[in-house]
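Since the structure comes first, as structure tokens, the remarks are kept for the end.
We call the chains A, B, C and D, going by the order they appear; numbering starts again at 1 in every chain.
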Amino acid sequence: MVKVGIVGGTGYTGVELLRLLAQHPHAEVRAITSRKDAGTKVADMFASLRGHYPKLAFVEPDAAALAGCDVAFFATPHGVAMAQARELVAAGTKVIDLAADFRLRDPAEFERWYKMPHSCVDLLQESVYGLPEVNRDAIRKARIVGNPGCYPTAVQLGFLPLLEAGLVDTDHLIADCKSGVSGAGRKAEMNLIFPEAADNFAAYAVKGHRHLPEIVQGLNRASAKPVKLVFTPHLTPMIRGIFATLYAPLKDASADLQALYERRYASEPFVDVMPPGALPDTRSVRAANVCRIAVHRPPGSDIVTVLAVEDNLVKGAAGQAIQNMNLMCGLPETAGLAAPPVLP
Amino acid sequence: MVKVGIVGGTGYTGVELLRLLAQHPHAEVRAITSRKDAGTKVADMFASLRGHYPKLAFVEPDAAALAGCDVAFFATPHGVAMAQARELVAAGTKVIDLAADFRLRDPAEFERWYKMPHSCVDLLQESVYGLPEVNRDAIRKARIVGNPGCYPTAVQLGFLPLLEAGLVDTDHLIADCKSGVSGAGRKAEMNLIFPEAADNFAAYAVKGHRHLPEIVQGLNRASAKPVKLVFTPHLTPMIRGIFATLYAPLKDASADLQALYERRYASEPFVDVMPPGALPDTRSVRAANVCRIAVHRPPGSDIVTVLAVEDNLVKGAAGQAIQNMNLMCGLPETAGLAAPPVLP
Amino acid sequence: MVKVGIVGGTGYTGVELLRLLAQHPHAEVRAITSRKDAGTKVADMFASLRGHYPKLAFVEPDAAALAGCDVAFFATPHGVAMAQARELVAAGTKVIDLAADFRLRDPAEFERWYKMPHSCVDLLQESVYGLPEVNRDAIRKARIVGNPGCYPTAVQLGFLPLLEAGLVDTDHLIADCKSGVSGAGRKAEMNLIFPEAADNFAAYAVKGHRHLPEIVQGLNRASAKPVKLVFTPHLTPMIRGIFATLYAPLKDASADLQALYERRYASEPFVDVMPPGALPDTRSVRAANVCRIAVHRPPGSDIVTVLAVEDNLVKGAAGQAIQNMNLMCGLPETAGLAAPPVLP
Amino acid sequence: MVKVGIVGGTGYTGVELLRLLAQHPHAEVRAITSRKDAGTKVADMFASLRGHYPKLAFVEPDAAALAGCDVAFFATPHGVAMAQARELVAAGTKVIDLAADFRLRDPAEFERWYKMPHSCVDLLQESVYGLPEVNRDAIRKARIVGNPGCYPTAVQLGFLPLLEAGLVDTDHLIADCKSGVSGAGRKAEMNLIFPEAADNFAAYAVKGHRHLPEIVQGLNRASAKPVKLVFTPHLTPMIRGIFATLYAPLKDASADLQALYERRYASEPFVDVMPPGALPDTRSVRAANVCRIAVHRPPGSDIVTVLAVEDNLVKGAAGQAIQNMNLMCGLPETAGLAAPPVLP
């Protein structure tokens, strides 16, 4: 059994890790930390876990807590993982950060967007960006993985085949993305309360969202030419789910895009290229570790439209983190991630 | 492996059976029928099942379809199971009806509420009401089980300890129940469309809901004296979930109700008696086979208030049906039902 | 034109007052205060008001702000109105408090439930409880009105005819109430954020909600015998609306309850007794100042069930406050309150 | 008083006309027709209208029903208005069609998208497209107005200033639109029921929505060069509201877009150009006749992003129809349309 520690387990990615790991045949949660809630049982904070973790309680986030863990997940605010990674890695614990500390290759870019200097640049260079569909082999060998953001996962998986094939005008990429409210985290903020967020639709961060540089970094890696991307995130009144509507002007109208996508993801266990004409919806991936993609050629234009959906807490966060753990620990990549989506 | 057939699999209880059985270690879906959708793959109707049932397609609902199945679930309208049960049972297939055909012991009562004569009275007498917390031993030996309705499961589990102990005035029981909209089934009806049902709260069937006689039958079985019950169902804008707020005047104010409930359900794997003062919510059971109960003594009154929550599609339907299958087939009762609720 | 001041206008009752007063033919908002947001235009905080209050800005909540106002609404936390009422009343400004300072007649009861001593007991004695269906004449002459709470409005209007007629067993009253989330106010609290409150149903404050003594006070006033009431508030995933399901054992089964209710509210402009068998829903009163009531005799019991719906922000708060203002200022009672509900 | 008739008043645009006209100072509903519900009072179908239309009942849709009406609104399926318009116009009744019969100038285009021949081509030529911000003078003199679709209103108002000024590459326009579910009408269809549409986000009609030719027609009218437009409609779990996110490559990066928009709509009563950096949301227009627009220049791209919101049932349907009625009948354009949005 892989011994798992979770740092900062009181947010949505933390409780989602607990939910998914409860079903994992080869991993076991040994420790979970929370400065604020040390001493509280996880089942007392999340009634959904009653019966699944009868004894597990939050402990103080010191080094001892994670001693002996094979893997430590950081479900913490940005800046926490990079402060603790060195010690853990030295002790032989693999680190998977669900925040942004190990996502951006360029520490200056990290500082610009997250308003803090990067305190662990050498490990940043060593770390691997945890998108298995791009970096599977490197992840297998990694000691530190930066787990991708929720938007970046959907947008990259949606655009990659087009960019790798050099089929689109990279100066005019658009990612019009819609997220459920859990994407903002488990935070008591006014704009997130039900009477503000329900029965409403809004754009936000139009001037520049923190996921923009992460997406651009990933797209550039796949593209012969640096991309220019407009990324518009929107908040939609649902709990979970990301819907990415992606647009790019096509350079070659004759390309068989359906075949391109099917080929690219043929052996991917968690990317589902839907049949021609299909229209994915977010509920078809609710609570499951899968990204579904459909490619469309709308009438009267040379633009290709790609629709990509995922559950922001699963393939967009905790599920992908476990997928990375499986790779890093030599487990079957799909272990613990086989449950179907919850519909309706 | 238990070979499973599903009759009428295009509704919410059908797709929920498919979701849960996909994770079951000892059962396998061999056939699923639908007159209207014969020939369609289940994964083409429910995208959530893509990858889980790559080949399974709906077939015509004739006898051959279910030949060789160990168990047949009827996820059909009322009246279908009783027409087909005899032949299946004769062929050695166990029958679990998720509709009402085998719920009411009295065929006259069935006819009164469901507006059709009961066509299978002898098997009705043989059949067992599938509430494991009451009929576990009988279910183990049953050839036909009438799976309880969603409201009746929550209301009975909530009231039973009080009635069995003879602690309340049985002339003034009240069950004020709130259901998510999936409880009405997968039906294109005007009052169920989003703009009518969202951001709204309504009572319905105040003059008499079909679950009333089923609940009364179950409560009477537990009570020394026949009960009088007011049952008020309400529709609440959520997808899944039943919340039952139960009221009864207490005859003995000194009774230790918390201990009573804990004792009654101590060995039940799917009934969770919460600690004193706890307030269950429906999301704490979302997508899982559990009923959580809390007992309260509100101030300034001799009335006891019991709060019971369940997922209407799981412990209130498909999950309980699989629990019954496990019992009937000699499998571990919890097989395939261990996944934690989905929260948030 | 009646000159109106609003104290503490950044919550939901404040913005609802602004919405309703924008349509009022005989009243005009002259001042609105907020310590935290002084200097901000109301239309910059609430985009819905752009074009309706182009110049109105929040000012510091000192006495000068309200000088010259005919009426001051307090849309503030409990305790604010009683601190400022004396000075305003002395200056000739009528006071309508939408919080609890002038709801409970007994200052000890206020202190018990609101955890602060009442600082203005003489004015409390003079003040009038602002339920026009009970106190219309007194409200007309009042200088200070305590505007009823949202639950108390629906529960009192629903129970009053039965109690006034002495038709029910007052020892076993039950008010099972369901509220939209805006009833909790515009507050950044964890249990109110969308991912916690959506697709969920929960009871709360089962041990004793602050509205309990207010309801009991009102019911006792109408009843020959003191009542015993169980009041169970629930949170339901909608923005606005209260649904009260009320139960009482009937002493006289032959009473014509429909006629009783129709007679009691025959001349009330804002109470709608629905026809026999009707099932009110909250959307039928969304955004409008009306309480709709239906009376039912469920089968198999001597209990009467009353269903009452209102918009918690209108008849349950700001609309009723304006109704009180109209009465206090000699305006037509319905002025500014005639717009139909918003459906769907 | 303008005498108003409504043809086909049982859908959402019909009941919204009734809601808005109940507050109109210069218009009065004289007749409302429905073949299926003739004889039913409108207040019995829509409880929200109890007290507002105590006597109004649906009548058979024959010519006599509308005799003497100054204006007839058609809130009917496509094809009904063109069958009845000739007779009404001949009798001096002005016609406002809320369906598509008088939207597309080219009858062949109508037939292509609506699968029926246009039966009234001469009146089509005479009719005016009812977007007051473009056709105000023509509307004033019109006998027949084709009221714009919900998406076309938002998309045209959002794009028009850019196209009129010739500032964008018209070959690569994108309208990524999100609609509340009421936009699909009051129809009992499976994909619209709450458990399918709630907590979900989906694209639809990606291959070509009927509003596409209407939008293109309107944009071409404003553009020196014919446009190429990708239009992606999405369904979002809210009752009302359209959010249009519009993209266009900018030809002149130095243009002052904020000033352009403010100038274009300076005298428009129902178009609100928000300040620089503002982020409109749909709730800020809920139930009100206004389109709010914000113009953004996202970083790292030459694309301009325009955000436009409206209530699909008001500025996108019934409100705009009344605005047109006001113009056609010589009333103040804003009559009956002054109520602020309902927030929260």
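Definition applied: contacts are C-beta pairs under 8 Å (C-beta built on N, C-alpha and C of every residue); 3 or more make two chains touch, one makes a residue touch a chain.
These numbers were taken from a predicted model, which means no experiment stands behind them.
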Mutual neighbours - chains that touch subunit A and subunit D alike: B, C
Of A-C and C-D, whichever chain pair has more C-beta contact pairs: C-D
Subunit C-subunit D separation of Cα centroids, rounded to whole Å: 36
Rounded Å distance between subunit B and subunit C, as computed from the means of their C-alpha atoms: 39
Subunit A and subunit C, separation of their C-alpha mean positions in angstrom: 45
Numbers and ranges of subunit A residues touching at least 2 other chains: 12, 180, 182, 186, 195-196, 198-199, 237-240, 280-281, 283, 286, 344
Subunit B to subunit A touching residues, read off their complex: 12, 15, 18-19, 22-23, 46-52, 182, 186, 198-199, 239-240, 272, 274, 278, 280-281, 283-288, 290, 292, 313, 338-344
In the complex with subunit D, residue positions of subunit A that touch it: 171-172, 174, 176, 178, 180, 195-196, 198-204, 206-208, 212, 216, 228-232, 234, 236-241, 243, 245, 247, 249, 277, 279-283, 286, 296, 298-303, 305, 307, 309, 344
Of subunit C, residues touching subunit A in the complex: 12, 180-182, 186-190, 192-199, 237-240
